[in-house]
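Both complexes below contain chain A, partnered by chain B and then by chain C.
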Partner chain A sequence: MSETVRSETPFGLIVPERMGKAVLGIAEQVGGMGVLTGQLVARMLPPRIDRFELIRNMHKMGVRSVGIVSSTALFTGGTIIIQAAPLVVRFGATAIIGWAAGFAMLREVAPLLIALMFSGRVGANNTAELGTMVVTDQLDALRALAIDPISYLILPRVISMIVMLFALNVIGDLVALTGAVIGANALLDVDFALFMDSFLTMLEAWDFVLSMIKSLAFGVMIAITSCYFGLTVTGGAPGVGRAVNSSVVAAAIGIFVMDYFSTFVLK
Partner chain B sequence: MILLRNVSLRLKGAQVLRNINLEIPPGGVFALIGPGASGKSLLFKVITGLLRPDEGDVHVDGDCLTGLGDIELGPIRRKIGMLFQNYALFDHMSVYENIAFPLRRLFNYSEEQIAQIVAERLHRVSLPGFQDRFPPGLSGGQKKRVGIARATAQRAPIILYDEPTAGLDPVNSQKIYDLIRDEQRAQGTTAVVISSDVAGLLTVADRVAMMHRGELLFAGTTAHAQRSGHAAVNQFVHGLTEGPL
Partner chain C sequence: MTIHAQPVDTHAELEPSAASEPSALKTLTAPFSAFGSDLYGLYTLLKQTLQAIARGQVDRESLVAQCYSVGNGSVLFITVTMTVLGMIMVVQSGLQTQRVIPELSLLGANIIQLLAREFAPTVCAMMLATRVGAGIAAEIGSMVVTDQVDALRMSGAQPVAYLVVPRFIACVVMLTALTFWSLFVALVAGTFAANTVFDLNVSTFINFSFVGMSDYVVMILKAVVFGMAIPIVSSQRGLTTFGGSEGVGWATTNAVVHSSVAILLLDLLLSIFGYLVFPPL
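Our next item is the complex of A and B:
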């Protein structure tokens, strides 16, 4: 016979109790990420980084992501033109399509979409890898060998993610621009010279710098969340799955929150 | 020598180690036996400083582990080689890299010396030619043997083997026990072995300790264990179905 488990919390307090638990859970996670960040900063003074691990991770996380980021950026650039085309034609604003597409891509669309793609591909994979290492005692094995897992394992991954997302954002911006140029030429009959004229004269260097600042901030967010959720896995293989899910959701929320505040502060 | 004095540990509210007093003398093969979930693997983690006891002291080779952080524990951990229950091989490294890893990180061996040691270790565990394979492509028994090769590569004076024969057939199990015995004699190390295969383990062990529900029930020579008057020890050592366990 199945046994019914009854909550001892009075009915009226169930919602506040659950909200309180959720708040405490979030506080614990944010605090844990803060502690991890502190540990990473401590290992940077002076830097103790395994160069082989750094290069291996930069290749795995960055070089192998170029294809997926480029294809995302190319189609995003083209999509912006498709969306803008009816309005541009209605108002006869083909002369400023280069500025409009560049402004939207550099300031918002490219860093945001590339970061989300990176989080889904690299961040999720990183959480799964670290989580698997935790549940199979590989992290304990490192410690038993007198090797600090934060210096050896985590720091190279965090640096790789930040640096490679920055690099991918530069590539993504250029590819998205190419997609926009192709789209503008095909749909609006705007040639390359006209497109680049408004792009170069109306956009400022700050627009590009802002894109880079955002990608750095998103890189930090993805790196810390993916490592934190990987390192705190419990419950074997199902726990790894849950951690990957939590990591991707937390990184996405963090990216959007950071995007809002960075846009507000650096507008 | 490994010395545990009044060691107690709680995990997630449960008392998993209760007032353990144990002395593991240097040299020889020391068997740590007991039913599943009796705290044997946790005791290994306490000895290596991976878990800190709530009460009591742990001494390894004269050094007390109490209050030491990971950095201070480094020199003590270098004296200990450990085979983990589920191998804990690094999946992203080849067999060669796994065995070479502690040698590269902890010692100043040249690459030629490391290559020699790895080849010798792989020959010793009967896995010559496996150096370029990766752990996910190995069987459970092969992973165990690579784990043993890694645990013994650094020539640590103390080697902890957690279930070195789990999942192996009787012939390969006995080969592993013989290997542990031969290694211990050749290097003069202290080998501490956890195994559920009590009959096989006792063929090579000099001394035995038995744990049950986080408590130490018995510690003594293998001969004493085999004729122990303690009902639970007698039942477990002789694999009897009738008894308190």
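Our next item is the complex of A and C:
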């Protein structure tokens, strides 16, 4: 079917046709995510959540990610110090390295990298699970048993992803700070007291709040994207693979774009 | 030529039912105990791959196909993320600099150095790990669970030379190329952001005075090492897949996560190495 359509397209229209298809595809995805968000919000008033599913998902998505998130944050904290070192030395500002590293870490790098890792681990797995359920007709089976798939399957996942990314971000910020302190001590001979002094006096509570706001926004982004791509899988097992790939790619782009706007708006 | 079977570490995750009662201590320590055996498997695979390359066992046709799918297929994705990253870096570091010194004339010089030494290779590699690492693990993993790898071995073809080597070379070459491309894209987007947000002239912002040969050496070194890490980690995850299509899903997820962690760890080590051996100007 599609083969014949393509062969009938005049040569000059191939590129516009492809661009149009791409734009329509993106519009369909954004619209689908919007509809899914609306359905989820409707289930929240009043909340109808399967409590067992919620706790199980929180353990699977949150507790099992602590190791990954901690190692990410530790390496990131160390790397930030090394990259900040030439700047700090150039401006002769060793006294404020705690602030300089903490500012970049809390406001930008830690939430961003933790969200990317979370998307790779939890978001991808969530899409794969939901996708497998869809292609094996398990969602239709739930509907046949008069169980609402959205409030039984989707809502607990979405809530636990948002809550757990938020919680992991707190842990991650702390571990990244530890990594930065160790790095500053080993590489620049900045002792713990000097580092913490500029960190504590020059950083504001808003810097930490901004980090948490960002992680909330990223959590919503990852949750909606991964559930949407999981629910719209077509074409059997290869389709699940494709859905996982496009879900992670879409989540990464969404995280970056959202990060830019939150950095720009919430100064 | 055998591929070492890995001790199974994902059993608990495959059977999430009543058998494995959630235990915080168990789930926290499990990743570390599996780490050692994974590391040995990665070393073995890297050795086998390099040996196969040294013997010249490179399938040219599939090398070109892999280069196309790894490189050309990722250009749009990398361009979008790097555009946004360049703008984020300028806004963020501009805001930060303004709190210490009121003028931003050196902003561009510092950002270009930071991009070359750190963000262009690392973020580009993490994006590539997401897109390509998942694909490698899914392809090799589904070949493993459908016994196609055993079939290869039976017909005398070596799975490592046939499957891993083209992906390995393609990732190394293409990630290096994409790193240069992402440096360029982030720079253009950053110039635009500096111009619109902070009213900086293009000629003030684009300032290569802090960037020396050592920064490019660190950048290329990072790109090459990350380009080796992604296919090795992902192929190893794919080759040790078990448990049907669900196992392929787990292999895919693990490939992305493990290659990202590997990139971040190698980034830290290479940054220390670069700081000590190729110090910034």
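In this section, the second predicted complex is superposed on the first by the 260 of 267 C-alpha atoms of A that agree within 3 Å, B and C clash if a C-alpha of one lies under 4 Å from a C-alpha of the other, contacts with A are read in each partner's own complex, and residues count from 1 in each chain.
The rule is simple: a contact is a pair of C-beta atoms (placed from the backbone, for glycine too) under 8 Å apart; a residue touches a chain by one contact, two chains touch by 3 or more.
The structure presented is a predicted model; accordingly, all values stated were derived computationally and were not measured.
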Partner, of chain C and chain B, that touches more residues belonging to chain A: C
Touching partner for A:G120 - first (chain B), second (chain C), both, neither: second
First, second, both or neither for A:E204, with chain B first and chain C second: neither
Which of chain B and chain C A:T132 touches, first, second, both or neither: both
Contacts of A:L87 with chain B and chain C, given as first, second, both or neither: second
First (chain B), second (chain C), both or neither touched by A:G78: second
Touched partner set for A:V63, first chain B, second chain C, both or neither: second
Contacts of A:F103 with chain B and chain C, given as first, second, both or neither: second
Which of chain B and chain C A:E28 touches, first, second, both or neither: neither
Residues of chain A at both interfaces, chain B in one complex, chain C in the other: 56, 129, 132
In the complex, chain B residues that touch chain A: 45, 48, 50, 70-71, 73-75, 77-78, 80, 82, 84-92, 101-102, 105-106
Chain C-facing residues of chain A, complex: 56, 59-60, 63-64, 66-68, 71-72, 75-76, 78-79, 82-83, 85-87, 91, 93, 96, 100, 103-104, 107-108, 113, 116-117, 120-121, 124-125, 128-129, 132, 187, 237, 240-241, 244-245, 248-249, 252-253, 256-257, 259-260, 263-264, 267
Residues of chain A defined as touching chain B within the complex: 56, 129, 132-133, 136-138, 140-141, 143-148
Complex contact set, residues of chain C against chain A: 13, 16, 22, 24, 27-28, 31-32, 77, 80-81, 84-85, 87-88, 91-93, 95-96, 100-101, 110, 113-114, 117-118, 126-127, 129-131, 134-135, 138, 142, 197, 245-246, 248-250, 252-253, 256-257, 260-261, 264-265, 267-268, 271-272, 275, 279-281
